[in-house]
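Structure, as structure tokens:
Each chain carries a letter (A, B, C and D) given by its place in the written order, and its residues are counted from 1.
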Amino acid sequence: MKTIDLNCDMGEGYGAYEIGQDDAMLEVVSTINLACGFHAGDFSIMSRLCREAATRGVAVGAHPGYPDLWGFGRRKMAFSDADLENIFAYQIGAAQAVARLNGHMLTHVKAHGALGHLVADEPRIGELFARVVARLDDALFVTSMTPRGFGDIAARAGLRVAHEIYADRAYMDDGRLMPRGQPGAVIHDAQEAVRRVLEMAEGRCIITATGKRIPAPVDSICVHGDSPQALPIARAIRDALEAAGWRIQPFCRA
Amino acid sequence: MKTIDLNCDMGEGYGAYEIGQDDAMLEVVSTINLACGFHAGDFSIMSRLCREAATRGVAVGAHPGYPDLWGFGRRKMAFSDADLENIFAYQIGAAQAVARLNGHMLTHVKAHGALGHLVADEPRIGELFARVVARLDDALFVTSMTPRGFGDIAARAGLRVAHEIYADRAYMDDGRLMPRGQPGAVIHDAQEAVRRVLEMAEGRCIITATGKRIPAPVDSICVHGDSPQALPIARAIRDALEAAGWRIQPFCRA
Amino acid sequence: MKTIDLNCDMGEGYGAYEIGQDDAMLEVVSTINLACGFHAGDFSIMSRLCREAATRGVAVGAHPGYPDLWGFGRRKMAFSDADLENIFAYQIGAAQAVARLNGHMLTHVKAHGALGHLVADEPRIGELFARVVARLDDALFVTSMTPRGFGDIAARAGLRVAHEIYADRAYMDDGRLMPRGQPGAVIHDAQEAVRRVLEMAEGRCIITATGKRIPAPVDSICVHGDSPQALPIARAIRDALEAAGWRIQPFCRA
Amino acid sequence: MKTIDLNCDMGEGYGAYEIGQDDAMLEVVSTINLACGFHAGDFSIMSRLCREAATRGVAVGAHPGYPDLWGFGRRKMAFSDADLENIFAYQIGAAQAVARLNGHMLTHVKAHGALGHLVADEPRIGELFARVVARLDDALFVTSMTPRGFGDIAARAGLRVAHEIYADRAYMDDGRLMPRGQPGAVIHDAQEAVRRVLEMAEGRCIITATGKRIPAPVDSICVHGDSPQALPIARAIRDALEAAGWRIQPFCRA
């Protein structure tokens, strides 16, 4: 049976604040990326979601970001490379322990926001990130948005890599995501998102805005949880994949 | 050969702020309790101290506190029991990972400040704390200030316990520390501190302000790092213990 | 013409986080209480709302709370009286300046959450609060939930007092709000809330859960903005008041 | 009688943390720049220093910085121009109110750290800063490090400008401070600092590292408080100035 993963960022609230519809989304995805308390999330949100995920058989990964709650981790910040190593390690360790407290365990790490862009775009930081993850637990997966770049770096560091495509984002011909500012960068139509996802999953490729097909492993589909349409889009994708014969399960079990 | 441990709270700075004389104290003690970024400390201070400790053969434990940088973890705060479990797990996990990143590993956990008082004084919280530590890693030690109370709770939870005495604090006849406000609660004179420590270590007992001797295991001597006299007192204690034939080594290796 | 004020807490987001429906509520109320960046709110949320309020002729007051973003200012925290004075002054000053930057000015101060309860319930803190407000600007109003208690304290301090009733909360026979935990404490039905508000405004009294009428000045009606029904309830109250011949305007202009 | 001001950054602690020797320095300087709780400082440190300054006749200004306690305001951060306006206004207002609470009043504003560099180096931000200060209180002074640049911008905005020289920093031939990294940028020798200060004050000029003299108004001498030698250097400067017939008083009273 064909298997594929659906992943979603989650636990992005803080104290009384909420972003997204975590509980409803937990019913749809097979893997979550858990904010670790620096750009969003806190010890108790993390704990509750680990427990819920354990109950449902949903895989949990750490989603570390910059220490920047106000900026939601979306701003680049000045840190030394050593600081970045420590920022990654601290958050991954916190998430590991909170998962363990709830009878669960981390399966992967995915860097958030501006830190995620740094990992994807700057080989030195990609290497640094992979090195930290490998040193903490070389059984952890990392996710990679494109077949090349960080995916290769992580593989060289001895890590397992889950390649993911984005359900609601257009790709450029170099295989990278179109920046959010550009027209057409974000796909708001559920049917369009579903159609693209099916085509990329079946074809094991990325399809760019110009229609170009770039062969690529597709282990997981990233859906977003912080827009009003996120939930119906995610459900539509899951339904369509299952109707097409795919089994949705965590990439770590593939 | 008689062995004993010297422990000290450490890494209590934050960003540009410093408290205590961490580097000098690292030369004197055999075990440090590392602030974990909630009441004090940050990812990079933690990382640097783990690396230094690894180099010197100094043992490192997590020293989790309330999320209260302004109050330095000294104020009791309103959290549910579930929140407290998560607060402990998060910080312990963060410290575990930062230690591992630097080729070191955690040997113990000691709760800080108001949270430490809660653990020592409220059996329900002591049990909660021991349960969290045991669940994360049952090879971890916890420290206990008195032979009874939390020490027993932790032992029942299957944890190893390091019993510690305080070099610079007076004891009451019930075996507890005299509250800081009371006259004579803090011992400022190095010679007096040294004399008491030797007597308690040799006698395997706590000596109270009234001269009463309470039999007690003495695995470690806690010295403080945040007063100007802390360093000379700690050095005097180490010198006196070594002169009396004690070998100073981490309690986890005893 | 009969005039009355409608007030609402506002600006309770932080960075990317939002609570409530500030923009829609700004169309309904005549006065807002602006979170000042300690328990919620930030410099830019405050600034945007001051500008919007100035444009609409909506009055703005400071809504200072404990420095406790995680707890949303709802937990009592340990601070000295001097600290509390400084906590109030700091936030009020910040709000004054942000209002002035946007061509607006503060009309009142209302303490938030656990700090608000302290002001209402502990005369020493009520006096402290009134003294700070009077010292910063004795033209500022303070709000008071009940005719007695803090209202009297503030008047003695030379401050102008706006007496407010709560649209969605039941009262006890001593004139105080029924604690949230008790059955019937929160009124969820819009028609019920409207009926009560009209009766209390017309009768210049508080009506308790047992039907007792306590004579009281009613300068303002507090509606809440952080529940899903908040907006329709606030609109229904405004419509009913206007239909009954009331003119809605800031209490500071009455 | 010739008069001149001595100013120093102050109140840069946070909670239990301290930086510098505020109390001793308060005896030496005539004006302090008060950290406002974003990059350093808190409501109670600010309040205590305002009270002490009021008692001693020392002038107080706001010293706003980036909201970045970890980075001590020394890192450039991504904020929109509107955010920067709000960041300035919020902190200035907070400081105004805390001063007023203590019977004192603000005399000036000086931007801190990376924000100070932005104000000095980017005319658009200099204009923004001057506009915010003028809008809040056009009787406030701003400080300017060099005769040209921000000093002119502020004067055009209708603000009064206090021109300051740095006691312990070398100047380049364009009148700007030599960056800290360069050899000779920081003057550690008290006698050298004293000699330079006297020469620049008497000559009403800046003297550069190459010996060039740039005519400049000299209203105030900035001494630093966060190095171990800061206090003896500041005292030596004050003594030498007084011996040379200068009267030390706040620039706002000149």
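Keep in mind that, in the parts below, a residue touches a chain if its C-beta (ideal position, glycine included) is under 8 Å from a C-beta of that chain, and two chains touch if they have at least 3 such contacts.
The model shown is predicted, which means the values in this text are computed figures rather than measured ones.
J.: What's the chain with its C-alpha centre farthest out from chain C?
T.: Centre of mass proxy via C-alpha means gives B as farthest from chain C.
J.: More contacting C-beta pairs: B-C or C-D?
T.: Result: the pair with more contacts is C-D.
J.: How many angstrom lie between the CA centroids of chain C and chain D, rounded to a whole number?
T.: 39
J.: What's the distance between the Cα centroids of chain B and chain C, rounded to whole Å?
T.: A distance of 46 Å separates the two centres.
J.: Of all the residues in chain C, which ones touch at least 2 other chains?
T.: If we look for residues of chain C contacting two or more partner chains, we find 67, 70-71.
J.: What residues of chain D sit close enough to touch chain A in their complex?
T.: Contacts found on chain D: 67, 70-71, 75-78.
J.: Show me the residue ranges of chain C that touch chain A in the complex, using the header's touch definition.
T.: Residues of chain C touching chain A: 13-17, 19, 42, 69-72, 74.
J.: Given the complex with chain B, which residues does chain A contribute to the contact?
T.: Within the complex, chain A contacts chain B at residues 37, 43-44, 46-47, 67, 82-83, 85-87, 89-98, 100-101, 132, 135-136.
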